[in-house]
Structures are given as structure tokens and as C-alpha cells.
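The same chain A turns up in both complexes below, where it pairs with chain B and then with chain C.
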Partner chain A sequence: MRNDKKLIIGFLTPCILTLFIMYLYPVARTLVMSFFRIESVTAATSTWSFYGLGNYAKIFHSPSFKSAMWNMVRIWLVGGILTLSLALIFAMILTSGIRFKKFFRAAIYMPNIISAVALATMWIQYVFNQDYGMLNQMIRFFGGTGVKWLGTDLKFWAMLFSFIFGAVGYYMLIFISGIEKIPADIYEAATIDGASKVQQAMKITMPLLKGVTKTNITFWSIHTTTFFLWSMMFSPVDTEAATIVPVVYLYNTVFGSKGNSQRDAGAGAAVGVVLALIIVAIYFVMNRLFKDDDVEY
Partner chain B sequence: MNRKRLVVTVVLLMAAACFAFAAGSSETTTKKAEGVYSGVTLNFWSMWNSNEPQGQVVAAAAKAFEEKTGAKINIEWKGRDINKIIATALEAGENIDVFEEDYRRIGNVYKNYVYDLTDMAKAANYDAQSYACFNEEITKWAGFLAAITEQPQVGGIFYNKEIFKNAGITIPTTWDEFLAVNQKLVDKGYEPMALDSAYADFFFGYHLDRRIGQAVTTELVKNGGWSKNAGAVAAAQDIIDYRKAGYLAAGAPDEFPSSQNKIGLTGKVAMIVCANYVCSEVNNTTGANIDWGMFNYPTIAAPAGSGSTNAYAGANSLAITKYSKNPQAAFDFLMLLTSGEYDQKMANAASQIPADPRNVAPAIMNGTIETLQATSSPLSWSMGLNANPDIKANVKTNIIALFEGKFATGADFAKAMDALYK
Partner chain C sequence: MKRSPYDRINWKRELHFLPGYIVLIAWIAFAAAFLLWILAASLSTSREIFSGNVFAFKTGLHFENYAKAWRQQNVSRFFGNSLLYAVVTCVVVIFISAPAAYVLSRYKFFSNKMIRSSLIVAMSIPAVMIIMPLFSMTTRWGIKGRILLIALYIFSHVPYTTIYLLNFFATLSRTYEEAAAIDGCPPGKTFWIIMLPLVQPALVTVTIFNFLGVWNEFFMALIFANTEKMTPVGVGLLQIVNAMKYTGDYGGLFAAVIIVFLPTFVLYLFLSERIIQGVTGGGIKG
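Up next is the complex of A and B:
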């Protein structure tokens, strides 16, 4: 048994080393960088100049960063409510014993395995196109006038709606796995006692899904803060306030953008730290709100 | 005990094998050629991909250089993302001799890492085979000649020659003449101007330059004061009036590339304010064979305007690293690639402007060489509107809203811009 210790250390060391080098060290370094004025991400530490909270002040005074944060809040709140509710409803329907369950499950999950670039291109160039797009053709068929889906006022919602369409499947699968863990005899007992399907959903399924819901909300928060590709696709060539999100702001700040060669790695690091803190805060709040140890089965 | 030792040994061997393969395989080059640079190896980081027309010409030029001089050129096809990784590579002293990048970044961001080409260029009489505007700009930024132009770009108004001929249009030079041209096109049943929202700031930036000049635009963007600047308010009002007169194509500002594609798809849209690559882009995407021409963005004479006749000009250029062991060999290769035969091949293959003005521009790029040679102070992309990274995204959205007709007057637009500085 004693020799096992050497084996355990032998097998764990590469993993721990990788964790430190690839993950903890960059995180710690980013945290430190956010307090310095630095131009290039890979600049030597001798070129760093201490800036205190200057980077944080800079980004919170920046109208583009504020637009980015506001967009992210709307994606998290509105998008979150829509995506998770749809995912839960689909999950409940698919676990209630309907036919062709496997087909529907695959169909709803399909957008997740298609590249986001391909999905976004389809939405922008086909569905939302003003002249021959799917939505405007449907509207004209019923006698209305086409809507400018990708104009400045609707672009954010067009982007959010396309994103939700592709995201529902992922959360639905997690909900399905949570529901399938609930023993069937509880539902049988409830049916015998005369509870309707809706009552069963509200009084049995929802409380017992607390843990899974907490997981989903945490995953959703992570996906929201790292929202990037869709924003870049809906604003080609250069960034717009209608679609900007914090990671895009970070990307433009650290690497420069079209016609602007200024780079500020310190400010980028500050953005990264702010996003990480938001996730941590959400996680702790969720842990408080969703105490999942008061029900068991 | 023995089994455990065996397991540990196997695991260690596997780990060692992984590291050996991760280190990469080394190339064994045994090509021995006689030539001026035999034994010299040049490492070239290209911004193209190997299957793009530009990439294929670069590869062919490299092969020709190898045969002529006995040097060996290793090309790494980094693609457009080179601009994300080259800064780090240069700082780390990575083994690179030549790289391709936007000349603005070479002159501003990488200037401490690139070789001073002034003497080599003088010896090769580079001035006779290049555009003065790019050489002067980069010397202004870096303090010395830091790059060799490979892919010049020029901006202006690109138009469908056939529509202009059918409508009997003469090329306008002033804004008033231009408005008259737009009206004539509308009267003949054409749609004058395509516009995609992605290029809204490019269009408006040009117009601001004609009203107040790029330098003043940059100042306004950095510090505000739009409402107090009569020229800026007038520029916004010009756009509002332009839109009200019905000179924008149906649906404009549209989502890229829908509006520019209409030039090819409907054959009814006459012009677009863009850079020269739009010509081949539209022809290739829509399959139409538009006969393109270009003219400089119309000017507005003082005192109402700045009188500026500058054009947007940009370039993707080649730079040699400061620590390169073979700068002269690298420079000779750059001369081969950007002049004479191979530059003409590049221009023809990719339908772009030749880097060597003595070459002939492909038909689709009619008029571009002359415009570049006449440019002394090239404008930057979006003419200063991108100068403030803190408000960039909001500026762009305001400009798109201006073209959408969301502001009643130029003063309203100026007020919305000033609100960004509170």
C-alpha cells in the first residue's frame, strides 16, 4: 500500500503541473497586470509601470465598455430567462413519454454541434435579410411590410434571438438528465393521489431540479460572459455598440482594431478580472438562493 | 513490485515520446545550389494562406529566388491572424527574417523590431518602383523606411461604368456636381449609392474630411465638441439631406455584404464608397461582370469645406526583422516579389493594384495607380473616427443611425456624439 503513494504522486504530478502552468499562473499574472500600465501582453516586466486602480477607472469611464456591460446584462437576464425556460419546458415534454423523443432531442440539440460561424452566417444572410430573407418573406406573404431586422435598433435582439435558438439544446440535455434521475414511483404516487401533470411539474419536478438549475445558471453565466463569436459575426469589419460585449472590448483593447493601432494590455487584464469576479459573485449568490439540501428522494 | 516498475517505466516512456513529438520534426534540407546566397535560410511569416492567389504568387517568387540565388526560404502561412501573434513573436526574438503586416502597424507598433531599409532601398533605387505616399507615411511614423509595400489599397467612389455611360454622366469633382449626378441617376431610374452598415464610418469619415479635414475629425473624436464645430454639423446635415433626396439604394444601410452585392445582382445600383477590393469582391460573389471605374471622393471648397482632395490609402507591406542575420538577402527577395514580373503576376492573380507603378493595373482596377501617385497625404481608414478606443463602438452605431435617418438634423447628431463624452 505504501508504494501506491509514489504511483499516485507520479500520475498526479503532470496534471497538477499543467494546471499550475496553463491555468493558475496566467490567472495570477492577469490579476497582477490589471494594476499596471502595460502596452503589449508579452512586454517584459521591466516596462510595466504601476497604475493602481487606473485601469479599472479607465474601463468604467469608457462608454463602449458600459455599452458592452449593458448588453451583457441583457443577454444574461432576458436571454437566460428565455433559454432556461424553453430548455426546461422542452425537457419536461421530452421526458413525459411522447413518441419520437430521440428525434426531437437530436433536432433540438443539433445547432450545438454546428459551428457558430455557420449558424450566424445563415441567420444574417438568409433569415434576417431585408429583401429575400425568410422572416420578411413570411411577413410579406401575410401582407405586411418587411422589417429591418439588422438595423441599429433591432440588431441586438436579432443577435440574442439567434443565439438562444442555438443554445437551448445544451441546457435542455442537462435538465433531461436531472429529470430522469427522479424516481418514477414519486410520480406514480402523485398520479394515484390525483395530481395533474401541471401540479406534478410544479410541486415535484421543479423543487427536485434545484441542483441542476443552479448548475445551468452557472453555465449560462459563463457562456454569457464569454459571448464573443456572435458579436463579431453580427458586426463585421468593425465593432458596433449594438452588439459589443466585454470580451470584444477586451479583444479590441489588447490587440488594437481597424485603423487604430493603440494597445492596452493592462486595461484588457482589468476587463478579464471584472468578468471573473462577476462569475464568482453569481456562483455565491446562486449557492445562497438555491439550497438544494432541503429536499431529497 | 515488478509489475509496478513496468507500469511506471511504460508511463515515463510514453511521456518522453509525447515530448519528443511535441518538439516538432526538424527539416533536413540538403539542397545544395550555387549562388550568391547559397547557405542562407530566410524565415518568412506570411499573412496569406497557401491556397490564396496571393499566397501562390509568393510561393512561386520564393522558388524563383531560391533557384536564382541558392538561398532557402521557409514560408509559414499564418493567415490574417498574424496580427495577433507577430508582436509577441518579435518581442521573444523568434527566428523570423521577413513578415507581412498592415503598414500602419509596422510603422507604429513594431517599429522597434524592424530593420531600417533606407540605405538598401536607396542602393536599389526603390523610389522609382514604389508609391511615394506609402514610403513617406511610414517614414513619418517610424522615423525611417520600415517596410516595402506589397498590396496597396486605395479608396474612393467605385462606379458601374455602363450605368454612367447609359445615363450620360460626367465624372464629378465637387460635392455639388456629385449631388447633380445622383439626381440624374435617380431621374433615369437607377439607384445611385449602395451602402453597407459596416462601411458607414468609412463613408462619413470621407465626408468629414471634405468638410473639416482628418486632423480636426481626430481632435473631435478624442475630445468632443461636435456641436460647436459648424463643419461637423454641416457634414451630418449633408448626409441627412442625401438620404432624404433618395440617393441611397433601396434598403441601405444594409447588412454587409447585401447592399454591395446589389450592384452585381440588380445591375441598377451605380456607386459605392469603398476601397478597391470591393470590385473583385462584388464580381466574384455575384458572378456579374461589372465594368468598374473609380473617381476620388468629391471635394468641398473652402470656406464651407476643407478643400481636401486626399484619398484613403493603405497597404499590406513586408518588413525585415531588426535581428535578422541576412537582411540584404531578405531585401533582395522583397525587391523580386514587389516589382516587375512577380508583382504583375500578383496584381493579375488577385485583381489588386500593383505595388510597382511601372506595371499595368488589371482592367478591374482602372485608374487606381494614377490616384495613388497623385496622393500626397493618404487618409487613414475611417479618417480619424476610430481614434478614440473608449467610444469607438458607440461612434460607429451613431453614424449608422445617421444614415438610417434616425436624426432629424445635423445638430441632433452632434448632440448625440457629445453625449458620449460626459
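Up next is the complex of A and C:
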């Protein structure tokens, strides 16, 4: 048994050290930082001064943080409805017995494995380009006039739609795995009883997908909370109210942005804590809403 | 619903699926059209791109866009850095995670459950909660350069890799260890030469995901890669895009986009089934 003990300790130590160095200590320190007035991230602990909930008060009064939160909510709600419905529709089509299922599935999932920076660059530099862009060329082909997709009014929606285009495939795969677990004989029985494909989708598939829907909503919520890259890509030089999200706000507060050289690591930590709390709340609410009453087949 | 390729196509049946085909084909045609356009643009001059006809190739195929992007725009360096980060991370993570996963799946001891749950919690901790202390810590200790990003990537992939491998080790029969023990093989050696090779399919899948994860990582790279020498492809591409105002080299920009896009795309062409299985955890059967 002594030998076992040595093996366990030897094999586990690097993993446990990782947990401490990369997660436990940084999370604890960020939590503490959010209650202190700290200017620079690298400031020594001795220069911190206790601030109570001051950092939280500061961010919740900041107009940029408010628009960041508002954008996040819009991405979550509008983007969530669109992404999850498209994903569900694709999943249902792909599991209906269609040909080339594997090809379609792989092609729709493909954007998820590509560098998002490359993907966003393709959208910004080509699809949404005002002069030679794909959308405007299509509009001109049908006799319309080009639209300024990346102007302040439409930028948010341009960002959201291009993000959704890439995200759908992931949620589709999760829906597919849920649908494939439903036994085929339920559908056979329904077909014999004369239920149409649409009726089967509404009355059989949807109710039985409760579990994977929970997974998908949880993942989507976390995905939106940590939304960063697309916002950064759509306003690369200067952060704009149209596309700002909480993580971009945090990045600018901690590391400074173009128009604002004032840095505030304490406020940044407070943003991080708020986002982490949102994620905890999501897990809690989702587990409450969808109790584990899994159907037995 | 398996069909052999020799079945006659039942047109009536296919007609029934027509709306489905239309939706899928429209979606994919859009993606294909814009990928082809980017590819064509990467072989055109900036003037051709702006006049809107990149498929004419009136002045020939400008492969020099790639050469220019590779050398002048520093893409070779970004590419090399990302490759280095991804390869080193993939290898080292296995050496940290596989032994831990094995011990957690095989031995009962106090704190086993706690370590497992900590790993799962660690997987869902957002990067924003950890970057600030990591930044001050590494600055204070003077850790910088490529080794810094490599270390961060290794650490940040340990929880996922350990949990993934743990499920596979749990499916292996204990008879292997028993037989090895009877033959006098110490448990440590049993792990490295018998048990680890048995989970090879899982090692491959998790390594693919780790590779994609590092290659496509952006947030930590943006914060920690503060010298050009250590910039990986994501942040590098952002720098090229931001410099476009001054260089005006659109052909080179699209060539850079294609260079960044290709490695994971090619990987996907060969491994898409495996990756898709891995996403939905279908591989847990081993």
C-alpha cells in the first residue's frame, strides 16, 4: 500500500499544482482585488487601499459598462433565439433521413474549428464591405443601393449575425445527439397512426429534447457572458458603444484603451466577479428550471 | 435508415425532403461562395479586389501575395509561434493529465472526489477571473517570452484533458493491472507501458481538441503576447488587419487569412468525423 501512496502523490502533484497556480490562487486574488482601489494590475499589494464596494458602484454607474451589459443581454436574447432555433431546425432536417447527412453536418459545424479572427476578418473585409462586399453586390444585382453595414446603426447586427453563422453548428451537434437518442419505434408508431413529419417534430421530438435544450441554453449563456473576440474585431481601433461587451470593457479598464489612459485594475476585477457570478447564477437557474426528470426509454 | 448505394433513388421520397435540402444547400452555398471569393481575392491585386471581379484573374494568379504575407507581414513568425505553442502544449498536457486521470479513475483515496469536482469547476471558470493575478504574478517573477504563453496554454488545458481521459481509463478492465502485478511489474511502469497505450484513441481525440484550442486562442495571447517575437496567428492577423490602413495590401491580407485558416481546415478535412464525435462526447465508449 505504501507503494500506491507514492504513485498517487507522484501522479497527481503536477495536476494539483496546476489547479492552485492557474485557478485557485488567481480566482481568490481577483475576488480580493475587486474590493480594493488598485490602479495598475502589476501594483504591489502594499499600495492597494480598501475600497469596499466602491469598484462595483463605479462600474454600475459607468455608461460604457451599462451599454456593454445591454449589448450582452441583446446578444443573449436575440442571438440565443436565432441560434438555437436555427440549430434545432438543422438538427431536425439532418436526422430526418436525408442524404449526405455527414457532409452537411460537417460543413455546418466547420466554422467552429477555424480561427475566429480569420473568420471575422472574412466577414468584415468581404461580406460586409461597402464597395465590393458580397451583400452589397447582391443588393446592386437586384437594383438596390449598397448599405453601410459597418456604420454605427447596423454594426451591432452585422456582428451578431456573423457570430451566429459560426455558432449554429455547435448547438446543432448537441441537438442531433439528443435526437439520435430518441428510439426510432416511437416515430414508426406515430407514422402508422398517421402523424405528419411536422406533427412528429412538435409532439415527439421537442418535448423529448428538454435535457439537451438545457445544455444548449447553459452553454449559450456562458458563451455570451464571455463574448469578446467578435466585439474586438468589429471595432478594432477604438471601442464603440455599438459593439462594446463586458469583457471588452474589462480589457479597456485594466489595460487602457486609446481614448482613455486611466487604468483601474480594481474595477476590472469587479467586472470579472460580476461575470463569474452571472455564470454561477446561470447554472443554478438552469438546474432549477429543468429538473433532472430525464425520460426513460 | 441505412440505404445501400445501389438502391434506386426514390424520387417521391426525395421530393418530400426538398425543403430540407433547399435550406441546407442555401446555407452551405453561402459559406462556400464566400470562402471561394476569399481564395480568389488572395490571388488578386488590390485593384482587382476593389473593382469587384476577382474571378477574372486578368493579370494572372498572384501567388506573390502569399510570399509577401509570409515574409513582409511576419506571417511566418506568427505561424511558427502558433505551431510551437500548439505542439508543446499538446505533448506536455498529456504528461500532466494522463497520470492524474489514471490515478483518479483507479484509486480510492481521500480528496479524490474533491479533485474531480475542482477540475470540473476549473473548466468553467472564465478567463477574466484569472488573467489579472496571472499578469501581475508573471511580471513580478520576470516570466516573459514564448515560455510564458506555453505555460499558460499548458495549464489552461489540464482540467479538460484530465476529465476527458478519466472517463476512458474508467472503462478499462482491471485485469490488465492484475496480470501485470502478478508478473512483478510495478504500478508506475504498468501505467506507462500498458495502460497509457490502451487509451490511445482518446489521447488522439483530446490532442486534436487541444491543438485546435491553442491554435485558435485569442484572449490570453492578446494580453500576454506583448512582443512581436511571441505573437501567435490570431493576434498577428489582427495586427495585419489594423495595419491595412497604411499598407493597403488587400491581396496580402486575404493571403494571410487563408494561411491562418488552412491548418485547422485541412485537419478538419481528414478528421471531421472524429472531431464531431468528440464534441458530443460520443467517444466515451473508447
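The definition used in the following text is that the second predicted complex is superposed on the first by the 274 of 297 C-alpha atoms of A that agree within 3 Å, B and C clash if a C-alpha of one lies under 4 Å from a C-alpha of the other, contacts with A are read in each partner's own complex, and residues count from 1 in each chain.
Here is the rule we go by: a contact is a pair of C-beta atoms (placed from the backbone, for glycine too) under 8 Å apart; a residue touches a chain by one contact, two chains touch by 3 or more.
The structure displayed is predicted, hence computed values, not measured ones.
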Superposed partners chain B and chain C on chain A - clash or fit: clash
Comparison of chain B and chain C by chain A residues contacted: C
Partner chain in contact with A:N55 - chain B first, chain C second, else both or neither: neither
Which of chain B and chain C A:F90 touches, first, second, both or neither: second
Touched partner set for A:S64, first chain B, second chain C, both or neither: first
Which of chain B and chain C A:A276 touches, first, second, both or neither: second
First (chain B), second (chain C), both or neither touched by A:F11: both
Partner chain in contact with A:V41 - chain B first, chain C second, else both or neither: both
Partner chain(s) touched by A:F255 [first = chain B, second = chain C, both, neither]: both
Partner chain in contact with A:P236 - chain B first, chain C second, else both or neither: both
Partner chain(s) touched by A:T213 [first = chain B, second = chain C, both, neither]: neither
When the two complexes are fitted on chain A, the stretch of chain C hitting chain B, from 2-10, 182-190, 200-208 or 272-280: 182-190
Overlap of chain C and chain B interfaces on chain A (superposed complexes): 3, 7, 10-11, 14, 41-43, 124-125, 131, 236-237, 255
Chain C contact footprint on chain A (complex, rising order): 3-4, 7-8, 10-12, 14-16, 18-19, 21-27, 29-30, 33, 41-43, 89-90, 93-94, 96-99, 102, 104-111, 113-119, 121-122, 124-127, 131-132, 134, 137, 165, 170, 173-174, 176-177, 197, 222, 225-226, 228-229, 232-233, 236-237, 247, 250-251, 254-255, 265, 268-269, 271-273, 275-276, 279, 283
Chain A residues within the chain B interface of the complex: 3, 7, 10-11, 14, 40-44, 58, 61-65, 67-68, 124-125, 128-131, 148, 150-152, 235-242, 244, 249, 252-253, 255-264
Residues of chain C touching chain A in the complex: 1, 14, 16-17, 20-21, 23-24, 27-28, 31, 33-35, 37-38, 41, 49-52, 95-97, 99-100, 102-104, 107, 109, 115, 118-119, 121-122, 124-137, 139-140, 152, 154-156, 158-159, 162, 186-188, 191, 212, 215-216, 218-219, 222-223, 233-235, 237-238, 241-242, 250, 253-254, 257, 260-261, 264-265, 267-268, 272-273, 275-276, 279-282
Chain A-facing residues of chain B, complex: 1, 4, 7-8, 11, 15, 83-84, 87-88, 91-92, 104-105, 108-109, 197-199, 201, 251, 253-256, 258, 380-382, 385-387, 389-394, 396-397, 400-401, 404, 406, 420
